[in-house]
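By letter and in written order, the chains are A, B, C, D and E; residue numbering begins at 1 in each of them.
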Amino acid sequence: MNSADVILDVKGLTTSFQTAGGCVKAVNDLSFTLRRGETLAIVGESGCGKSVTSFSLMRLLSRQAQIQGEAWLTGRDGERLNLLALSETEMEQVRGRQLGMIFQEPMTSLNPLQQVGEQIAEAMLTHKLCDRKQARQRALELLTLVGISAPEIRAQQYPHQMSGGMRQRVMIAIALACKPQVLIADEPTTALDVTIQAQILRLMRKLQGEVGMGMLFITHDMGVVAQIADRVAVMYGGQLVEMADTRTLFRRPLHPYTQGLLASVPRPGQSGRLAGIPGQVETVYGPHLGCRFVNRCAQAREVCRVDRPVLFVHPAQQLVRCHFAGL
Amino acid sequence: GEQKLTGAFDVGSAGNAQKFNPLTAPAGFSFYNKYFGTLALYDVGLQKIGGDLAQSWAYAKDGKSLTLHLRQDVKWHDGKPFTAADVKFTLELVKNPAMASVFSSRLKDVSAIRVLDAHTVLIELAQMDATLPDAFTSIMMLPSHLLSHIPAGELRSSNWWKAPVGTGPFKWTRYVPDQFVELAANPDFYRGKPMLAKLVNRYFKDASAASIALQAGEIQFSSMTLDQVRENQSTRAVDVIAGPSHVLNYIGFNNSDPRFKDVRVRQAILLAIDRKAIIRSIYNNTAILGNCVLTLPQYVPADINPYETSVSKARALLKAAGWHQTEALEMLTYYNDQASKDVVTVLQAMLAQVGISIRPRFVDGPTFGTLVDANKFSLVYAGGGNGPDPGTLIPLMQSSYAPPRGVNRMRVNLPELDQLFSAAQQETDDARRTALYQQMCRLTNAQLPWIPLWVGERFGGFARNVQNVIWTPSPGGGRYQDFPERWSIR
Amino acid sequence: MHTLSEKYSVAADSADAILSFARVGITFQTRTGMFGPSRLLRAVQDVSFDLMRGEVLGIVGESGSGKSTLARLAMRLLQPTSGEILYEGKPISTYQGAQLKQLRSDVQMVFQDPNASLNPRLTIEQSLLEPFILHGRGDRQERDAEIRRLLGVVGLPVTVLQRYPHEMSGGQKQRVVIARALALKPKVLIADEAVAALDASVKAQIINLLLDLQREYQLSIIFISHDLPMVQAMCDRVMVLYLGRLMEYAPRSVIAQGGRHPYTRALWRSSPAADPDCRLEEQEMLAGEIPSPLNPPDGCVFHTRCPQAVTRCKQVVPALTRLNPQHGGACILFENPSEIN
Amino acid sequence: MLKYIINRLLINIPTLLAILVTVFVLINLAPGDPVDAFVPPNTALTEQQKAVLRHELGLDQSAPLRFIKWVGQVARGDLGYRYKDGALVLDEITSRVGPTLLLASAGLTVGSVLGIMLGIFSARRYNTPSDHALSVAAYLAISTPAFLLGILGMYLFSLKLGWFPTGGYSAPAEKGLLQTLRYLALPAAVLSVQFIAILMRYTRAGLLEVMHQDFVRTARAKGLSAGAVTLRHAFPNALVPIVTVIGANFGALIGGAVFVETVFSWPGLGMLFLDGIESRDYPLIMGIALFMGIAILLVNMLTDILYSWIDPRIALK
Amino acid sequence: MSHSSLGAAACKKFTSSKVAVFGLVVFLSISLLCLFSRQLFSFDPNAIDLDATLLPPSALHWLGTDQIGRDMLARTFAAGRISLLVGLASVLLAVLIGTVLGALAGYFGGWVDNLIMRLVDMVMTFPPIIVLMTLAAVIGSGTGKTVIVIGLLSWPLVCRLVRARILSVREMEFVAAARTLGAGHGYILFKHCLPNTMDVLVVFSSLGFVSAIMAEAGLSFLGLGVQLPDASWGSLISIAREASVLRQYPWIWLPSGVFIVLTALSANFIGDGLRLIFDPKTNKE
């Protein structure tokens, strides 16, 4: 791995919340790196901490969240910034410009009182990338790029006048407006139909090529993962359970969860019931013994209940957290 | 530079900007007479009436006429001479029902006005009226040559009053509604050119604001409340002039109400009230106790009942009168100042001690008038002008003036009192009139048609740099010789 | 049962239809700026179909093609500007009182965005209790038990009950919304992208659950999704919408083979396969942009992007043609069945 | 839009009429007769004089007739004469409109700007000492009656410092704008103090309400500074109640800020109105009620239009 | 999980805010002191003593005496009873009317909205003085009537505030979701729309509380409001109109002013605490 190429280096990220029911450790000791121009897909069980990871990196969590660890971002001019240690004003410089984010909730994430064109242009104006007129122009271009027709009209519409997929695309346009170094995309295409999705994926890849944008791509769609990701990280219960390059992961998933995940994807022509992973999803509350996945794992044995598995490095840089993966 | 004196000559609810018709206005005379003139004037002590536009007057032997001799050197502000025609015009205007002048009742015995020559007027009377000179101190003379062509009904609220022409020491220059009236010296004034170049009357709705303006030197005069006087005692920012108001505060009751028919009830009420304590603690000793409806010392005989406070006597009297009360009596008042509120509260407490429970009700003037005229009241706490001429009381106490005919709102109906009033009115001899009024005092002291309490003092404050100012605090009384042409600022 | 929509129905036999759309259309007025001109946006135009008892009907289509609008129309959240929607043979606009209440428990919907459809001020428990309270079902214990059962079914721990929506992940919220929609044991479930935010394994679980309900209780489902493989896997029939218009309806078998309508085919081509070795190529994707619904093209709305478009497509709006009782569409290719293939 | 405005204006006509009828009924029910009000309680007028006055004022006619006559007169653009001095009611009102609007808009502008700024400040410092201090200050301000505030201001700025006159008004045309401002300063300040407090509370609450919404997070993710996020995103979403409060107060102030006007001898409509009531001057009261009615209806209409301008989800119907 | 534990959770949330608890404590203590003032203080609040007027605070009269020698401590707290009653009750009334009408108008729109808003227009336009004067004459005096009059005059603002808020809330998706669950209009209004108006209602209530107290003082002249010899905080403050009282005898009016500020402030803090219960996102920050 060429370390000079590393654009985002996350070490031991741990995020916990204080809630009525106690302390929730949503992300637990997560480490990964992201290279220039690379797409790292994060997949995993719903609620395993993917979004919290991205909010932690963006430092957008409310003050009741506690974040630990380090996250080094290589800035545009090569400087290295620890995102988790920056002051709020420094962070403002980073957000949007160096580190963009697409949010999961398209309906509520747009300002209901501002025309969407304005909202896109604002991103560029904030970082003084161009003047107002140019920003407007760029906003129209971006809308076209994300596949919204009649951008002149749409730019003047308000979020409530758009369909879910359109709002999602507006979000994407906002995040892409400043061509950030690193883009965190939290399920950016869930609300999109396949043709637009394909178009958006293509657009993202193009930008990656242009500006060497690194991308953390959070999704549940294994098809999308296969399409866009260079590497895949699989999370379960706040932890990284497997990480490998895309081809390896699809060919030879090591962790039983990954295996189950891939098996759950319906194949063309398949009909009726889907495979799925049986068993009750685990709560992420509190400390735990043993493996997180133990309750749903078909291969679980006694040791899995009592002994916490560690990340195990396989050949070909495949990481896996399972007692039996090496066997 | 030119001397300019600004004052708040009318403050508070009495401040009636815009209503400049002196024949219909209820207040503001002490300013009107800076640009209008009257036939007669009181001296500063409000004891004796002297001449002003009329140099002298004389009643005929039979008392059926009065001859006025006018000054000859008087000119209207437009340069035209002031003559007997103007007097005739003005007095007829007052009598004209269409004018609805508040003074019309004062001239009710005047049957005709004749111009004898340019400066002599003969007033024919249906019967002798000794209070006419007092009325002449209030009626401002108006220029016949400018107004006679306007019908009285129209004249009453004509715009002319907002640019009037008078005979006074100052001329009207301008008026800004609700703000001020500005007068300029009248160089042709018959007593000489005023020292001040300008005299301004500023209108304040709020007495405290006027007081602060006075302290700040924005104005040089303002009438003051007891409270402001008290406050001034600590700062001594201005010179305070104090004097009797000639307004008797009384507890009025509905004389037609059978509950008050028994004089012992009335006496008990008066006995229950510790007036001295009230005067001491609420009025800071600035009020004069009254035991009858008249308070000028010369009219008060020494032998009247002083009604020294005695709760036990009051209780006994009530008991004797068979007083029994079922519900609280409403006590109406149109006063709204803090001192009056305190007074009413104290009255309430004191009357409660003898078993008379009252419920105060504060209303505004029109409401008061409507309620009382409609006979929907039992008690009032009010004030009535009782001087300087006791004739002022006639419309308030003579039985023929009971509503709806007039403002004898308490429905006083004492034939002896009526007789005394008319006797005094027809009596030209001062000593005999005084005796009649003393008689009246005795009568009202015994009968208590009103329950007299006290006559308060009023106050005015002058900036320390004004000179030669003569002012008496009695707005309810007549006009007096204040010689405004001599006022000046140091 | 005789339905109004029979004439236009996409189903062969509408006798057993539970929910029918008869030439439904809706137009929105959109304004640009305070004083801007107001424009008409035809979000749904002339859509007819029948949902059979116990059927899973898939609706796919481009973003903005009116899928959610259709769902909202079915839920009586929007009034159609034309046409009629019938539930159990009776126009839903005429439901009132107790009947309406029944309708509200019979037909349930899972909204596209779970975040927006949960009241942020209510805990998950309060949100889940709502259907029971509203329909006066069960006593406190029964409700509690039922809520716990539902949570188990959608794979959530009971600990989430005390949480607020903002303390949950997207997928968790989505499952809460599904649980809420199932609480009343509806007869019709309209699932608008109901499983989009779930990971594949949970998604499979939920879909299996729905299929079980369908089988056991004759639950009818309208399943709105972008995921063609998924739709094809679980739906009996599929409707394809484009710009608010019906393009094709077909049984699973036809869809599984890629469908007949050029648009359906294009959708298939763009569907990413879960295989990193067969990435989508440029030429496989649909060319051009989706036209604005504010300003739809004349003729066939798809002609601007259709690889098979001919001149006539620009002029004539293709009629809805029925190839066979189960299959039909609006395309000139369908008008002359022999030309197909 | 235009249609809405026209519709709304048309609806306002019967509303206005209803308002006027009610006011008319109320003043006629109120105790106190204009003729009684004409003279002080102890001044004698004979019944004959009163009858003359009543006739002259038209008070001998029945109330409904008087109302109808008044409406007819108004339709011809004539608001009648004041009972008291025969001045044209229209003139009286128009002469006060300037000062009234000047005072109201000065007070409201200063108040809105400062109130909103402080509200934003205290929302951003939610639950800190400075937030609490501002809360205390706000309640102190609204608990202090206008007269007290006015007198205190006068003591300080007129008496002690001598910066501003104690009261009065000077038209700009008369002694220049600067002089007008000197007269305006104190009353406007007193008026705005309470308004600052009120708006500050509403702004703060509104902001707290929206600060945690998802779109605020989006704005932050764009890299907007905390201030810009608040101003450009949170604030507009909190604006509806603020506009409502400003609108309601402006509406009320068009009828005059009675207390402030009284303390500072400001020749506004409020004082005129009070005078009208004290003297039961029906034409004047009705004239001002008409003016206030129109003004408040228009302000309310404007507020409603503003709502839909602020929040496009709110449709004008 | 059960309702009682929900209540307990709300309680916990409330108590987690120090200011809210502080507000509650202050408010309750002032209310209790006022309520039991007659039992607690040896002086009768209305007993006059013309030989002990305007005494400054001393060991005997902790807050001094007024112009007619009444003990200001007893009087201030006795006044508080009336002011608290008038303040709370009239705000409650205004909030009740305003919220109900505003909610109806905002939620249903159409002619309902039109009708209610025209009513609002009307009430906003009525010059309060005239209404008060006439009402006072027609309905007579009394604390209850004062409350009604103040309440009836101040609801339009609440109505507009609530309506405006509900106009946007009703467009939210969770409202649509509730409707599909079979929620009737009433349920949606109460459960989903009205909680969103809490913030403005809290502000209105605490501000309205003060204005009601001050308005009450102004009304006593019209025969409404507190009648002599009783006092209210507003009427005690109004005595400061007298320049000498204002500057030389602050013990007459200042305590009432302080108590008004304190109660309003604590009411506001309580409101803030309530808001915490209603708004999960502002938890403990």
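By our rule, a residue touches a chain if its C-beta (ideal position, glycine included) is under 8 Å from a C-beta of that chain, and two chains touch if they have at least 3 such contacts.
All values reported here derive from a predicted model rather than from experimental measurement.
Asker: What chain pair has the highest count of contacting C-beta pairs?
Answerer: Counting C-beta pairs in contact per chain pair, the top pair is A-C.
Asker: Most remote chain relative to chain A, going by C-alpha centroids?
Answerer: Here the answer is chain B, farthest from chain A.
Asker: CA centre of chain B versus CA centre of chain C: separation in Å?
Answerer: Distance between chain centres, rounded to whole Å: 90 Å.
Asker: From the mean C-alpha coordinate of chain C to that of chain E, what's the distance rounded to whole Å?
Answerer: Result: the chain centres lie 51 Å from each other.
Asker: When the C-alpha atoms of chain A and chain C are each averaged to a single point, how far apart are the two points in Å?
Answerer: Centre separation, chain A to chain C: 27 Å.
Asker: Could you list which residues of chain B touch at least two other chains?
Answerer: Residues 208, 363-364, 367 of chain B each touch two or more of the other chains.
Asker: Would you please write down the residue numbers of chain A that are in contact with two or more other chains?
Answerer: Residues 20, 62, 105, 107-108, 112, 160-161.
Asker: Taking each residue of chain C in turn, which ones touch at least two of the other chains?
Answerer: 113, 115-116, 162, 166-167
Asker: In their complex, what parts of chain B are in touch with chain E?
Answerer: Its residues touching chain E are 208, 211, 225, 227-228, 230-231, 234, 274, 277-278, 280-282, 336, 338-339, 341-342, 344-346, 348-349, 359-364, 367.
Asker: Could you list, by residue number, the parts of chain E that touch chain B in their complex?
Answerer: Chain E residues touching chain B: 46-48, 50-51, 53, 67-69, 137, 141, 220-221, 223, 227-229, 239, 241-245, 247-248.
Asker: What residues of chain D sit close enough to touch chain B in their complex?
Answerer: Against chain B, the touching part of chain D is residues 30-34, 36-50, 52-53, 56, 81-82, 84-87, 92, 95, 147, 150-151, 154-155, 158-159, 162, 165-169, 261-265, 267, 271-272, 278-280.
Asker: Can you list the residues on chain C that touch chain A in the complex?
Answerer: Within the complex, chain C touches chain A at residues 28, 30, 32-33, 36, 39, 60-65, 68-69, 112-113, 115-116, 152, 155-157, 159, 162-163, 167-172, 174-175, 193, 196-205, 207-208, 211, 226-230, 232-234, 252, 256, 266-267, 270-277, 279-280, 282, 285-286, 289-292, 294-295.
Asker: Under the definition above, what is the set of chain C residues touching chain E in their complex?
Answerer: Residue list for chain C touching chain E: 72, 75, 77, 100-101, 104-105, 107-109, 111, 113, 116-123, 125-126, 130-131, 134-135, 140, 144, 161-162, 164, 166-167, 177, 180, 184.
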